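Notes to accompany the following structure.
Per-chain numbering from 1; labels A, B, C and D assigned in written order.
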Amino acid sequence: MAVVKETDTVILYDPEKGKKYFLNLSLAKGKFNTDRGELELSELVGKRYGEFVETHKGFRYVILPCTLYDFIMYKLNRLTQIIYPKDSAYIALRLNVKPGDTVVECGIGSGAMTAVFAHIVGDTGKVISYEKREEFIKNALSNLRKLNLENRVIVKHKDIAEGFDEKDADAVFLDVREPWLYIEHAYRALKTGNMLGVLVPTVNQVIEVLKKLEEMPFMDVEVCEILLRKYKLVPERFRPEDRMPAHTAYLIFARKLPEGMKE
Amino acid sequence: MAVVKETDTVILYDPEKGKKYFLNLSLAKGKFNTDRGELELSELVGKRYGEFVETHKGFRYVILPCTLYDFIMYKLNRLTQIIYPKDSAYIALRLNVKPGDTVVECGIGSGAMTAVFAHIVGDTGKVISYEKREEFIKNALSNLRKLNLENRVIVKHKDIAEGFDEKDADAVFLDVREPWLYIEHAYRALKTGNMLGVLVPTVNQVIEVLKKLEEMPFMDVEVCEILLRKYKLVPERFRPEDRMPAHTAYLIFARKLPEGMKE
Amino acid sequence: MAVVKETDTVILYDPEKGKKYFLNLSLAKGKFNTDRGELELSELVGKRYGEFVETHKGFRYVILPCTLYDFIMYKLNRLTQIIYPKDSAYIALRLNVKPGDTVVECGIGSGAMTAVFAHIVGDTGKVISYEKREEFIKNALSNLRKLNLENRVIVKHKDIAEGFDEKDADAVFLDVREPWLYIEHAYRALKTGNMLGVLVPTVNQVIEVLKKLEEMPFMDVEVCEILLRKYKLVPERFRPEDRMPAHTAYLIFARKLPEGMKE
Amino acid sequence: MAVVKETDTVILYDPEKGKKYFLNLSLAKGKFNTDRGELELSELVGKRYGEFVETHKGFRYVILPCTLYDFIMYKLNRLTQIIYPKDSAYIALRLNVKPGDTVVECGIGSGAMTAVFAHIVGDTGKVISYEKREEFIKNALSNLRKLNLENRVIVKHKDIAEGFDEKDADAVFLDVREPWLYIEHAYRALKTGNMLGVLVPTVNQVIEVLKKLEEMPFMDVEVCEILLRKYKLVPERFRPEDRMPAHTAYLIFARKLPEGMKE
């Protein structure tokens, strides 16, 4: 059984109300207080996930782990449009990200994609994230800290107009307004044979990226979009939910060929 | 730069024809032979990805790494319907799979989902895969071997009607015909607070799974389906491809609550 | 140029605010009053669509026709979930409804589908609509009256448990909770070779309908769902809207074969 | 019961093989001949739909009506990409086409959209179709003749670069390569307050149309796409079909405002 650490973000689950409280233990100090009574948060540390904790009124909450998905969807502090799990999971797989990898990305946004990369590269890998805007860096690092992923991320407070410092990244990912301006830089930062990923919200941007990719030594270009449709949970009247996201972003992938070679 | 190992699956890329050859170096011994000339495969080992190799006629191929995505889509030997990257990537993220985790699954199928789990859990993690049919095991292991992922997978040639051996899995995943029969077993194999995943192709199966989940201490149930639409790559006439997959599977997720507790 | 009739529903369009007012002239009597000033509604009658009318303050509205689509989407009084144009247009075409046809349906709901049928069958056709609930009939007829379609619709305040009175309908459409109970009745009401349509919101209902259709002399069965995705209107940043309907209904179509014949 | 006319397209249905033969009686003269035996086609005329006809070997076919949907999907002779019922039904409804209307369109293509308009406008309406290419006109008219819809269609063998002859169309529809060049002409042909429809396959074309519409007195602009997903018909294993069309076209709608007025 996994043990609650003092840096964890945990879920306290109220089984009667079916309500979840997300708490980061290194930030939320002192007492947790609801109409169910209060409890000392430091008591949670060292307990095992799945155990109960009791308030002074005798009400019992369950301690549940906060998954990366939970955090991104319900707890991540957003200063920007975030990259949703349906997209970020696919991006990470398409870029072949795995434990030990070095991933280079720009920009950090609110850190939702960064977190997915960091989650997968593990303690032996690194995510190097370029970002121009200081307030985004501060917010993203705060989010990553609550996920215990901060130590896997190196943030560079730089404009990538001058290029990336890296030359041998396992994967490069661009989530910027004008990605076509930086594809040559991304190319140079990436291992030959490895994958570049680009995310853009509009068709006009996709078109510019495609034009740029056509000029350069890239192959296996793919442009796609992912739709996720949820269903209502009533087995006797099974049907999709009434509404769904119609669009988050277009995803573009391409594999780096050696210099001088055009597909 | 990553170096080609003798157990790797590599892509030899013919830049003139735009053609890719997938070769597993531990299996494909001796000479590689096309109308471009021949080359000794053992020469590839020790070279770096992105380098060129030359045939005796002087034609140059590029050596490219075979990503997990490439392998699943183009090279995996299929005895069953496979789980596609759009689904497997999301499943792995929803189940919160990460380096070091122990994932329990049933069945192994052709190993496409197993490979994604093994890819992410890394050398410090394990995928324990239950499978009744010997021919599936043999084929899946052959696929995993070509991905250098075999050492992360423990296959159990067992019927799960008697349950799983594990009690503390970080994630449990069911891809079987009648998953509702095994959800109690899955429950017992899983850490409290962690995620169960179920994949089924038909609505009737979803309904049975939902009924079973309703009876048991699970919360955060989600049923969804993922659609991936690709676009044609002509920037001057940008438009989706003409056809797309309409359906692969329904995905079901649920979080284990402590025994005796109903959401 | 079409002339405004005293039974028409019209749109008064305020070009400065970009605002539309839907007014049914047979109901909205007297003065139309906004901060732009007032105008006598009876003055609209006899004008041509596209003309301007002026308030006593000298502000000019444009008189625009209210299309069937406008009315269904923005003006129809809803007591029930309605059938949306993306579905109703396809249903009418699949059922081969055309001027002069006799269409039999059950139930009338809020009249959105009835209106589409009545719109197409024209003055020489008829829609015969069965409905058990008086308040639905009253509301639907009020909606149809505002569309000048009331005279093409015959409402029968009956339970179809005893069957339809008709024997030779050009098309039959069922939008009821348990359509499988009435498919034999629908069969008898329909011309041989012609189409039955069924709309249901849940998968469980589709399954029951399919089982019933399998037992009976029907062919060319189709089950489908229609998704409509809108785009934002900014050409420089062209992209889909953020959200869309995920589900309205499943549509089922089948063609009647002669009695005693099974496909 | 509807009676078979000598100009009808009928379906002869072989109930044992589940096979349909589409026959246009004014073209398919003489004997219909299969391994079931032969029958004189002129014998079909005057029979009622749903009746049987017998071959000289005593085998019985059922005579079924060919719906507009059947004809478009299975029998229409295609020289071009056609407009599918999921799109054409919605277009007709959005353009508010009804019995008695005059619809102006360009170009005729293979006549699939023309047929839907002609089907709905009835004997009292007209579809005026502009087309530059003679072979398209010839083919489309042949298709329309087999649907008994030819008499409702006036084809103009003209380039619309000089504009439309009409000034007061109930609806205008453009399906041409560069529709933005003709939107001013379309505007002049259309009744004020009525709807223009445009169909284009690529995003780049949508963008050009939107730019043009922005400059002109149009309101209520909508851009959308329609996806239709079919399901397999096995109630015990209910699930969508494996593949579906990913794209046919983008649809654009706009309502004409009076001259000089910008939304």
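FYI, a residue touches a chain if its C-beta (ideal position, glycine included) is under 8 Å from a C-beta of that chain, and two chains touch if they have at least 3 such contacts.
Since we're looking at a predicted model, the values are computed, not measured.
Set side by side, A-C and B-C show the greater C-beta contact count at A-C.
Of all residue numbers used at the contact between chain A and chain B, over half are used by both chains, marking a mostly same-residue interface. Between chain A and chain C the centroid-to-centroid distance comes to 45 Å (mean Cα coordinates, whole Å). Centre-to-centre, using mean CA coordinates, chain A is 21 Å away from chain B. Between the CA-based centres of chain B and chain C the separation comes to 47 Å, rounded to the whole angstrom.
Counting only residues that touch two or more partner chains, chain B has 203-204, 207, 229-230, 238.
The touching residues of chain D, when paired with chain A in their complex, are 203-204, 207.
Across the complex, chain D is touched by residues 1-2, 11, 13, 15, 18, 49-52, 62-65, 67-69, 85-86, 88-90, 92-94, 96, 98-100, 116, 119-124, 168, 191-195, 203, 206-208, 210-211, 214, 219, 221-231, 233-235, 238, 250, 255-258, 261, 263 of chain C. The touching residues of chain C, counted against chain A in their complex, run 201-204, 229-230, 236-247.
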